[in-house]
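One chain, chain A, links the two complexes that follow: it is found with chain B in the first and with chain C in the second.
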Partner chain A sequence: MKREISTLQTVAIVINAITPTAVLSVPGVAIGFASNDGWIAVLIAAAAGVIIAIAMAAICRRNPGLLFLEWIESRLGTATGIFIGVLLGVYYFNAFCMIVREFANFIEDMVLDETPIVMLIVVMVAVSAFSIAHGIEAMARSAALVLYLIMIIVPISVGLNFDDINFKELLPFFDAGATRIGLATIAPLLWLSEVSILLIVQPYMKYPKSVMRASVIGSIGSSLQLLLVTVISTSIFGADVVRMMSYPLFNMVGIVEVGEFVERIEIFTISVWGMTMYVKMAVFLFGAVHCFTHALRLKSSMHVLFSISLLAVATIIVTWPRNTEHGQYVMIESVPFFTLFNLIIPACIAIGLLATRGRGAAKGEQAP
Partner chain B sequence: MFMSNNKRKQETNTGRERQVEQLLVPDLDQNMERLQLFLGEGADIVHRTLTHRSFPDQRYSLFYIDGIVDGAAIGTMLLGLLEDGNKIIESTDGLYTHLTDRSIAVGKIRPAETIQELGYAVLEGSSVILVEGSLKAIIIDTTGGESRSVEEPTSQTVVRGPKEGFTENLRTNTALMRRIIKSPKLRFDYKVIGRETRTNVAIVYLQGIAQDDVVQEVHRRIDQIEIDAILESGYIEEFIQDKAFTPFPLIQNTERPDTACASILEGQVVIMVSGTPFVLIAPATFVKFFQSSEDYYQRYDISTFLRLIRVISFFISMLLPSLYIAITTFHQEMLPTPLLISLAAQREGVPFPALVEAFLMEITFEILREAGVRMPRIIGPAISIVGALVLGQAAVQAGLVSAAMVIVVSFTAIASFVIPAVNMGVAARLIRFALMILGGSFGLFGIMSGLMVLLAHMSGLRSFGKPYLLPFSPLIISNLKDAFIRVPWWAMRKRPIGMSSNQVPNQNRIGGGKRPDPDQGGA
Partner chain C sequence: MRSTIRSAMMVVLLLLLCVATTGCWNRIELNELAITSATGVDWDGQNWVMSYQVLIPAAISSGIGTAGGGTPQSPVIVYSTKGKSIREAMMHSYSESPRKLFYAHNRVVIISEEVARRGFNELLDVYFRNSGPRETVSMLVTPGTARRVLEQFMQLVIIPGEGMKDIIMSEARNASVLPNIPVYQMAMNLTSDAKSSVLPEIYISGNEDTSTLDSFTHTTIPSKLKLGRLAILHNDRMIGWMNRKQSLGVSFLRDEVKQTTITTPCTDEQGHSGFDTLVIQRSSTKLKPKLTEGKLSYNAKVHVSGVLTESDCAQNLYKPDIIMKMESAAEQQIQQVLKGAWKKGQQMGADVFGAAEKAHRKYPKAWKQWSKDWNSVFGEAPLEVQVDFRITRMGLSNKSFQYMTDKNKKG
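Now for the complex of A and B:
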């Protein structure tokens, strides 16, 4: 195992694992529940997200330098390790399938309405698999470069929309009430809990001790993007209009006109956002391949990658024959799914690690 | 019968090898016979037996190959030997010692004890003297012969800067570098590669500045090459590059001594190959292919501007046709209405979809370009006329392609010539076709997917262990001073981190790192 990923690249992985799908769905959901107080819900979720990020990093910091599943096996026993490995493998596989389908649906809706969705899915899975085939180090470098692009595109987008922004649309504060704001917090919080990817990534870090910094900065960076999209879409269109939009982010960019010769430039934003989606897909596919390879003691990760990619194409096509079924899955059925795998299972792992602290100390584990 | 012939031939070959590998014997005739057997028949092989008045019982014999030796050096040497041969001297050391110490009027000589060593020396342009009764012979460095003189490089021209270029002669090339870097730390490690060609290769680096592990890795990879012939540095490049299946060049090449020296001063290693003016530079990162030696000779602001133009040109040359195809086929809403109407009117009579139209034009241009390179120079203008007027204008008038497509293809072609490194331009040309297919099939989504594949691929590339996308990913902020931008010389205090030695004192390029202040001189 090579420890080659820098702290900045880890931050990029975390941000790209959270935001691409989050900026698509979260503003709509948050504003749907809390109306013009949607941004407050995102802000609360951001605070909670930082706590989750700290907790995840604290777990990671106890890892003495082993791969996550090796570490779990050394502490909780082989059987438990294999069980958790398979469980996480299934989670990452399902999440990957869900993300690919979400991306394919989006491209079909917005850009290529006559192209068969199967073709889009095949291209997406193939590109993700190709990224993974070069290893996690190459994936981390791609993630960092894509993050730089985002850091260029986001200020430009905000700047171009500046004339249309009307912050009065955010008023009055706390109009929705605590319950609705609380409900609106769930979706962004679940997305921010995807910081759990650090459990898999941290052993590859060049400076494993900086996982706390990477985790917190990654979580805050993701929250900032979500907050930005929520605030600006609300202040441009008003909460009532955003509620009816499928993709507020792209509607926001879609209204931009530069002079009288540049218009409909959302396709460029979609292109850059698409690259972040590819990084996200690659991260989750890597998670699935990593977990299955190590849990099932498979020797060739390339064969696992190929098999999982093929299985993913079939799963994505068969599981959600229609886009509406996938939409329902994302909005409703995925909530317990994400809660279980991003919050409950890591919590159980943390409890298990705490309970077996003696074994870790015997093996020279570092203090949290 | 056939088998037995083959067997006999094999046995003869083995016998010959055994004979020539043998050590020298005191009998001059036997040594001469074996050396002649090694060299084979040839009208250009010159052999002359001489005697010395003071050593009447000992003859000595001179061997060299006409045409690959320095005629003046041979003349001087022969004259010296003949004059010396007529003198009566009192020597107790013997003829061999007398010749080496007092008679041969050439600077570089060395002893040899086997026929094989002597034979290869003769083939490389040295002269050999076999001495009766001696178990050692003398190899005299008389390498020379006709070769191209130092001229202006043809592939990497500059407006401001040195006009000297490497030649096919390795010794001339090493001298060109020695003249620029007069440092005792400059190292030339020589190797011979190629069973039949026995091509001389020099690995050049600055000790203490180049990373030791990189130098060792270059040695290791070159030592592993097993091939019969090396005719150009491209042979070595393919053997030693980190990844074979990539369109991107992983090793730089140049025919400019100043570029090679600048690379050495930044910690890179130069590989020179006899017989070609193109030297290899490793490790090479992506940004290096957008840098020209002239960037450092002219003002930093214009250099930065030109570098950015080159990068933009690279992306134009790679992406423009595919973007045109994608936008006209899938995303017409992006175009302003007047432009859309104009394009639609132009394409109305064209019978092909945009993808086919672009392919036709791109392939035509590639054929024209190849013809321009291969044909005799005297008929060059004819190709320009045929290409520009007949094919371009007539194709538009005939309605085979639209005028907009001709503009796109022409601009793409011009943009590809802006990239200073030809091999990077070639990479853009290859990738362009793949992106055109993706753009024609999936629109901008396809192009974006293609770019993501490229990004993942490039992120995984390494050149002698160095990440290809350095200094962007992994990010090294101090190296950004000389990446796509160039800051003034006085601000580039240190050599690039990661490429040069990790020893701190060797990283400093400029002492103090301050801009000379005109007010402090008291002028």
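Now for the complex of A and C:
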């Protein structure tokens, strides 16, 4: 294992592992539950997300420099290590399938409505696999590059939308009531809990001690993007119209008209966002390949990558024959799934690590 | 050597892939598209009648058409299709057009008054559900059929759809009597607390149609497309019209006045009556709800500044009291305009001023009660108007021409 990822690249991986699908789904769900208070729900989730990020980083910092699954095996025993490895492998595989389908649905809805979805899925999985085949460093470099592009495109988009923004649409505050705001908090919080990818990525960091910084900055960066999309889409269209939009982010950029020469610019945003989706797909495919390879002690990760990619294509096509079924899965059925794998299992791992603290101290682990 | 061959083969393979994946199944050539510049929506009692104003690129690119020379060839063609639903009607276009309708460059959608009175939720659904049509398209309503509006040529512009969009944009920017309402704005208004919206009227002024290029062989054309009144909608249906004066009042109350002209009566020392014309260059309206002993009322504070562009009275514009008199007359005029619009809105039972949102934001608890029957709460809410008008410049002349001629007569 080479330690080859910089802290900035780790931040980019965290942000790109969370935001691409989050900016697509979360504003609609949060505003759907809490109307014009949706942004408050995102803000609450952001605060909780930072706490989760700190907890994840604290777990990671106890790793003495082993791959995540090797470390778990050394602390919790081989059987537990294999069990956790397979569980996480299943999680990353399912999440990868869900993400690819979400992206394919979007491309089908917005751009290539006559192209068979199978074709889109095959291309997306192939590109992700190609990226993974070049190792985590290639993926990390792409993530950093895409992050720079986001930092350029987001201020431009906000600036061009400035005339259409009416912050009064956010008033009155707390109109939806605590229950609805609480319900609206669940979706952004679960997306922000995807910071758990650090468990897998941290051993590859050049400076593992800076994992706390990467985790917190990554979580805050993702929350800011989510908050921005939620606030601006509500301010431009009002909560009621956003509720009926499948992709408010792109409707937002789609209305930009500066004179008759700057219009229909959403293609730039879609292009950059598409790149972030590819990074996200690659991150989750990497997670699945990494977990299965190490948990099942397979010698060639390339073969695992090939088989998982093929299985993913079949799963993505067969599991959701209709887009609505996928939407239902993302919004409702995936809630316990994300909760289990991003919150409960890491919490169990933390408890296990605390319980076996003596074994770690003997091996010279760092204090959290 | 081997690696170079391998790299070269990879480059060739990638280039071949580029050829094979140009837009996948959605590949379409420009000459297979019928670019729509305007869409009309009519209702024949049972079916939607969709009309399309489609560009003829050859006529436009060769400079032939309404503005060019040579053999006259229309730059656009108009045709209609019918269907039980809007998309079904659009589908029937494949039976009569050799090209596929392309809506990304559609500039305006004209709906007939009949459709507006029937309700057009279906149309908004089509715009938000499909990626082709854009939500920035301007909506207009016409008293006759939408198709007839689409058939008219316009002076100065080759593509009538583009011209209609330009007219409404220019009107909203320079006169502020009628607003430009894009589709997304209409959806926002109809789903807002007040569930009311407005739409500008477009109509054919004149008895004959300007639908042939022969009309452009004269210096005047038999008819023109003109913007007129303001259609008022409530709960997705049109319920009536406001005249242009009331419409200006709506613009003031919605704080949408960018620039406009008002004409105020004046009387000079000799008792001669005339008019002063002022161009408003800046305007800001703050409409605030007020709750007094459980009764809701509104206060509109309007700050306006403008320039005197014409004076018909013998006035010495060096005197501050004369200017203050003019300002006061303009303030009264604006007050009347605002009150007239408010009264008409109350009579029609349509809060097109955004009063509901303001009440909701300021009094969220009381809103829960008011929202049950907002129209009657709004109908009884009085409006108090305070206008502050400042004439910042007198133009290039400090005395009216009338003043000079009167003085010469005396002299």
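Basically, the second predicted complex is superposed on the first by the 367 of 368 C-alpha atoms of A that agree within 3 Å, B and C clash if a C-alpha of one lies under 4 Å from a C-alpha of the other, contacts with A are read in each partner's own complex, and residues count from 1 in each chain.
Methods note: contacts are C-beta pairs under 8 Å (C-beta built on N, C-alpha and C of every residue); 3 or more make two chains touch, one makes a residue touch a chain.
It should be emphasised that the depicted structure is a prediction, and the values quoted were computed from it without experimental measurement.
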{"item": "Touched partner set for A:8, first chain B, second chain C, both or neither", "value": "first"}
{"item": "Which of chain B and chain C A:171 touches, first, second, both or neither", "value": "second"}
{"item": "Partner chain in contact with A:275 - chain B first, chain C second, else both or neither", "value": "first"}
{"item": "First, second, both or neither for A:267, with chain B first and chain C second", "value": "first"}
{"item": "First (chain B), second (chain C), both or neither touched by A:67", "value": "neither"}
{"item": "Partner chain in contact with A:238 - chain B first, chain C second, else both or neither", "value": "second"}
{"item": "Contacts of A:115 with chain B and chain C, given as first, second, both or neither", "value": "both"}
{"item": "First (chain B), second (chain C), both or neither touched by A:131", "value": "first"}
{"item": "Partner chain in contact with A:141 - chain B first, chain C second, else both or neither", "value": "first"}
{"item": "Partner touching more residues of chain A, whether chain B or chain C", "value": "B"}
{"item": "Contact residues common to both interfaces of chain A (with chain B and with chain C)", "value": "111-112, 115, 119-120, 263-264"}
{"item": "In the complex with chain C, residue positions of chain A that touch it", "value": "109-116, 119-120, 168, 171-172, 175, 237-238, 240-241, 244-245, 251, 254-255, 257, 263-264"}
{"item": "Chain A to chain B touching residues, read off their complex", "value": "6, 8-9, 107, 111-112, 115, 119-120, 123-124, 127, 130-131, 134-135, 137-139, 141-142, 144-146, 148, 260-265, 267, 270-271, 274-275, 278, 282"}
{"item": "Footprint of chain A on chain B - complex, ascending", "value": "330-331, 333-334, 336, 442-449, 451-453, 455-457, 459-460, 467, 469, 472-475"}
{"item": "Chain A-facing residues of chain C, complex", "value": "23-26, 104, 128, 131, 134-136, 182, 184, 187-188, 191-192, 357, 360-362, 364"}
